[in-house]
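Both of the next two complexes hold chain A, though its partner changes from chain B to chain C.
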Partner chain A sequence: MAATTTPSPVTGPSVKDAAEHARRSNRKWALGLLIAVVVLFLLYWKILPAVGGDTASFFRKWLSVSAASEMVLWVIFALGLNIVVGYAGLLDLGYVAFWAIGGYVAGWFMSPFASEMMNDKSWANLKFNFLGHPPAIQGLDRGIHLNFWLVLPIAGLICAFFGVLIGAPTLRLKSDYLALVTLGFGEIIPQIFRNGERLGPGGNFNLSNGDKGITPVDTIPTWPFSYIPGVPDQLGLRAEDLPFKFLVYCLLAAAIVFLSLRIREGRLGRAWLAIREDELAASMMGVPLMRTKLAAYAVGAFAGGIGGVAFATFVNGIYASRFDFAISIILLAMVVLGGMGNVWGVTVGALVLAWINSTGLEQFGNTFNDAVGTNINFKNYQFLLFGLILVLMMLFRREGLIPETRTKQVLAEPERGELEAVGADLEGEQA
Partner chain B sequence: MSAQSSTSQTGEARGTGEILLKIDDLQVYYGAIAAVKGISLEVRQGEIVTLIGSNGAGKSTTLRTISGLIKPRQGSVTFAGKNVTTMSGHGIVEAGICHSPEGRRIFPRMTVDENLDMGAFLRNDKDGIAEDREHVLELFPRLRERIAQKAGTLSGGEQQMLAVARAMMGRPKLLLLDEPSMGLAPVLVDLIFDTIQTIRDQGTTILLVEQNALAALGIADYAYVLESGALKLQGSARRLAEDDEVTRAYLGG
Partner chain C sequence: MSQATATVSVTAKRTPAETRALIIRGTSYVLLAVTALWILYKAFTQPADFFTVGFLGLKFGALYALVALGYTMVYGIIELINFSHGDLFMLATVVSGLIMVSWLARTDPTVTGFLVMIGALLVAMVLAGSVNTLAERVAYRRLRRAPKLAPLITAVGLSFIYQSVGIQMNGSGQRNWSTLLGDRSFSLGPVKVQWSVIVVLTVTIPLLLAMTYLINRTRQGKAMRATAQDQDAARLMGVDVDRTIAFTFALGGALAGAAGMLWLQSIGTTRYDLGFQLGLIAFTSAVLGGIGNLNGAVLGGFLIGIIQALNEAFLLGNAWSQTVVFTILIMVMVFKPEGLLGKPTTEKV
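== the complex of A and B ==
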């Protein structure tokens, strides 16, 4: 019998086609979102103030500049979590911890708070400013003031360190146990901050100012873009700063998108993917499991740190009570809803849920109540709605709104039966 | 050494190739249960050595211990003169042992091409990888036809080919094959075993674990028979294939 060595003509897509397709899809998404950002920015910056009237109030209600900014901040966190959950397949129910740590790094390094960190007031005269921008109010130049753009990587690295710290002992755990430990971590860190007013010997060290929180936070400098006419050189809380802050957050989100896409294509990304698919097989290919998983925690936490600092500038403060468990769950819901592992899917998922969260549901409720004459507080049913969305997703679209192409293809194409394969063999031999 | 003495030796003297892999008094436990109870064996350069035995005899455990996925309680694994017993999984792949696992375990949501790429994960020589990719696609032309397809959509036989091809992408000195015939139609079993022989003829030493003892003895040079974690018989594959006891127990004769 002749061996079946004559290759039949290549069927299906070639490898190059698939890579080209992915690149094209990335370009399309990036361009689309860029256009949306530019349009929104122009709208908030020039158009709405000029038009005023109903249009302006419509946007103020349904998609205000702070709602849009908050949505973009959620995208940053969701993308960070996506690296851990979507890329490497490690369940993390405590991602809010990195949001908190990032926030407090901003509190320590870009606010007057550092001068109050010793309860005996021994640091009261501490003044350190490195390109920092404290608000121009008497007395607020105390403490440590580093430049916002400098604090971002610092917070990222500190979070990455904590990511490894929490990651290391959990790596031998599987699914349920891993979920429990990360959940605990997500509870413990905010509790430490919440109760961190009197630490150390004699309760002298104030880590976090407890429930009172830390405020105000320094402004965001725009140098060198401040030379462009019309661009404020500091972005604080003035109304005219907000469109630019929105732009800054979009820039950070874009950076995380870029990071996610680049890592995915590289060696580390492939190693994560392999671990997600089959850990044992990955290890047989020579993927160092420990190192690779820790890298996922570190990179994911890095994004969380950056988002934490940005969020601190958004609310002009850090408040321990904000970092609750629900945030970790909402973030996870964003990743699942959007399509685990797909950067664009997760972005859309985060935007949708964050919008519902901030203005969407409330406005829908108001409109509904006005029209029907009822008086239902829709905000109260927010988690019911999230739960419903997730259940429906699991029932009808398990792979998420915009799934990874690789998931889509496997779900769409049933495995070829053994008989078919044997048939193909026999045909091959006859030929 | 106690295990060795209880093993009856069948057949003529072995080939005189250099010893590539040597396992000495290997004992592996899952918790309190002994899965492998003091096995010693050798694989020589250029051989196909097969490890046969029924379900639960400790065949797969032995392979997994060799590739560093499980640590033995006692005994040693020596590869190319180096003690690799305590090495990490990726260290062992780097040393030149690649494992095609039981149940194929291909990466379902990666394409065939990406799966092959993963097999070369620890290598940096681009040209060498491209060469080996071409080589395994010649060994398994069916994979070339499905190169951009997600591996999860392949048939069982194709997945098995991919699992072997993927392991070959590490350019191993020693290839561990765990049950390559499992769940395959007879035509495909022949095809896979033919290819295993070709791989050996091209210079890769192979340690083959099989339940399909007949097929395994048909291509192997030397065979070890395992029974509940201990070596029962060893000898040249041809002799074992004719051995009454083996025939009765494993070949259904």
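== the complex of A and C ==
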């Protein structure tokens, strides 16, 4: 059969087969999700307004266009966290910090807020507009207004910088300590934003407008697609803009999916997987541990920054109280549920949990209460649900719902045996 | 545990690694010295305020020490950061509030009031201890040989489950409970001391002494120390490792339960996510003292309590206390990962 190929070692063909298999499954998933996105978009854009009636109200209840957009935004964050946790195996419990930083970058560069950053009003006349699209209301053109598509990479890079900053002191630490330090940063950074109304000497500098938050945020320009008839040239808060906004967020999520898949195939991605599976062996094979881990933080944070900007345009503002620890954990639950390291698994996990979070649980509760005649507030059980997902998955299906073949193989290996345990102890004694 | 740190006098050229270590150590000493100087300065310029605040810090410190002990014991024995530990503490605050206020309605400092308080203390301790042991039995035991991420994520999940129970019992916002002592206080010269400080210390100090006795002098304590050192060797020597680990969880949980009751009686408010915040502070205390080291946890708890109280009174204020505590955590991790009293190891950090 293989007459033309040279005889290769036993592992050769199987590795090739695995790569081919992965490529095929990637294509299948991508196509499936693309079809779903197109169908939903057409539904929200043309079909539902035309049909109206019960169908429209059913969708408004169970899967409104803003619920769908929010789900896609959660996918972006979950995929970013997946790079750190799933690929590189570094437990990050403070991912919400990047969401916050991304959001505030949008607040600084895409809203009138920059003109209010000095409490003595010395910046009140600040006006800077570079291809920006401030809301068309008198007085909102103050401050800095950059183009949405420009702010995205800026926020990504700033977040990547902070990712490295957070990562750098923690690199010497082993997994559980690392988790704690990232958690510490994840608490410190939102607290700085929460208290950031009067900083600096004399409390003159307003970093974040404190609990009041920053609003409004600029619209999303659609040039050059605005030449297509029917496409609005700016996506704001009007009802007809929302399906297009959904499409924009899907585009961003697709970009992150593409980034994740491509990096995973490359040298860096393979180095991450090697570190995840055995740090010592990886460093023996010449993987530079520090640089590779920092890269994981940077890339993961980059995705968080992009998501943060997109989320700011979604809620038309940045509110400090949103950035709490629970978000980091919900993201972690998404990654764990879907299958750590598998992009498609994490995407599905994020979609499912985000849907439960936004409309699913509430609607299910309403339906259940109507049918049974009880009066249970299902929203209250959200914490229980997420906690149970984490615990049960860890106990019974550690590889997630849609695991990677590779993770399945690693987990199928026998657990750490007695001999190895002795070896680990000897390792500790050498110092 | 002998602190045999070999001091090598380097006269010849230093290697880059040594220079870096020197810089790191130097920075940490400078930071420590600045903090100490600042504290001394405050003690001399505003002595009355300083000591009033100091007593408050002592109260918080005692509570942190109790919770930190639970973290450090569990970490010492199975190297797990038990994320759900703080939430046990929160459940204990709520349960003790339910017993004393909603159920028995004891809110006056009478003799029966104090007897009920002791009863509530015992109930909270037993309850938190059994929940912790149950969690160990159901979840952590099965994951003992799994990759480290698995038990850690399980602990985070349990923490969410406990918080959900807390929401059901305590509501989703902050809830104020009336307490026996309120903020009644007495004066010691110009220094104001709350009675609740005395109550907290009279419960905490005997508990800490009992712990020291239990771990250093009893058979069970010996088994715990042996298991912490080497599980396999301990098993070979006839120690029932599973039972010892379960006992450690029970003990840690009971201390968190005691801390919970004391917190409610001395602060009077609780919230479903209190355990998360306080658990992190307590964990920081454990790390500061040297994780796995019991004396270190107590020392770290008191230090963090006092630093936090001083910060709230004199430095940045209430709104920044999380930031200050976590900055300490990160500094300790970076400069001295083995903590104040821990012995340096390569494996643990």
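Rule of thumb we're sticking to: the second predicted complex is superposed on the first by the 395 of 431 C-alpha atoms of A that agree within 3 Å, B and C clash if a C-alpha of one lies under 4 Å from a C-alpha of the other, contacts with A are read in each partner's own complex, and residues count from 1 in each chain.
Quick note on the criterion: a residue touches a chain if its C-beta (ideal position, glycine included) is under 8 Å from a C-beta of that chain, and two chains touch if they have at least 3 such contacts.
Just so you know, these numbers come straight off a predicted model, no measurement behind them.
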item: Chain B versus chain C as contact partner of A:54, first or second or both or neither; value: neither
item: Touched partner set for A:270, first chain B, second chain C, both or neither; value: first
item: Touching partner for A:370 - first (chain B), second (chain C), both, neither; value: neither
item: Partner chain in contact with A:332 - chain B first, chain C second, else both or neither; value: second
item: On chain A, the residue positions that both chain B and chain C contact, one per complex; value: 415-416, 418, 421-422, 424-425
item: Footprint of chain A on chain B - complex, ascending; value: 67, 69, 88-90, 93-94, 98-99, 101, 105-111, 113-114, 117-119, 121-122, 138, 141-142, 144-150, 152-158, 166-167, 170, 183-185, 187-188, 191, 194
item: Residues of chain C that touch chain A when the two form their complex; value: 79-81, 139, 142-143, 145-146, 148-154, 156-165, 167-168, 172, 230-232, 273, 276, 280, 283, 287, 319-320, 322-323, 326-327, 329-330, 333-334, 337, 344-349
item: Complex interface listing, chain A residues touching chain C; value: 89, 91, 93, 169-170, 172-177, 179-181, 183-185, 187-188, 191-192, 194-195, 325, 329, 332-333, 336, 380-384, 386-391, 394-395, 398, 415-416, 418, 421-422, 424-425, 427-428, 430-431
item: Chain A residues within the chain B interface of the complex; value: 3-8, 10-15, 17-18, 267, 270-271, 273-274, 277-278, 280-289, 404, 406-407, 409-410, 413-418, 420-422, 424-426, 429
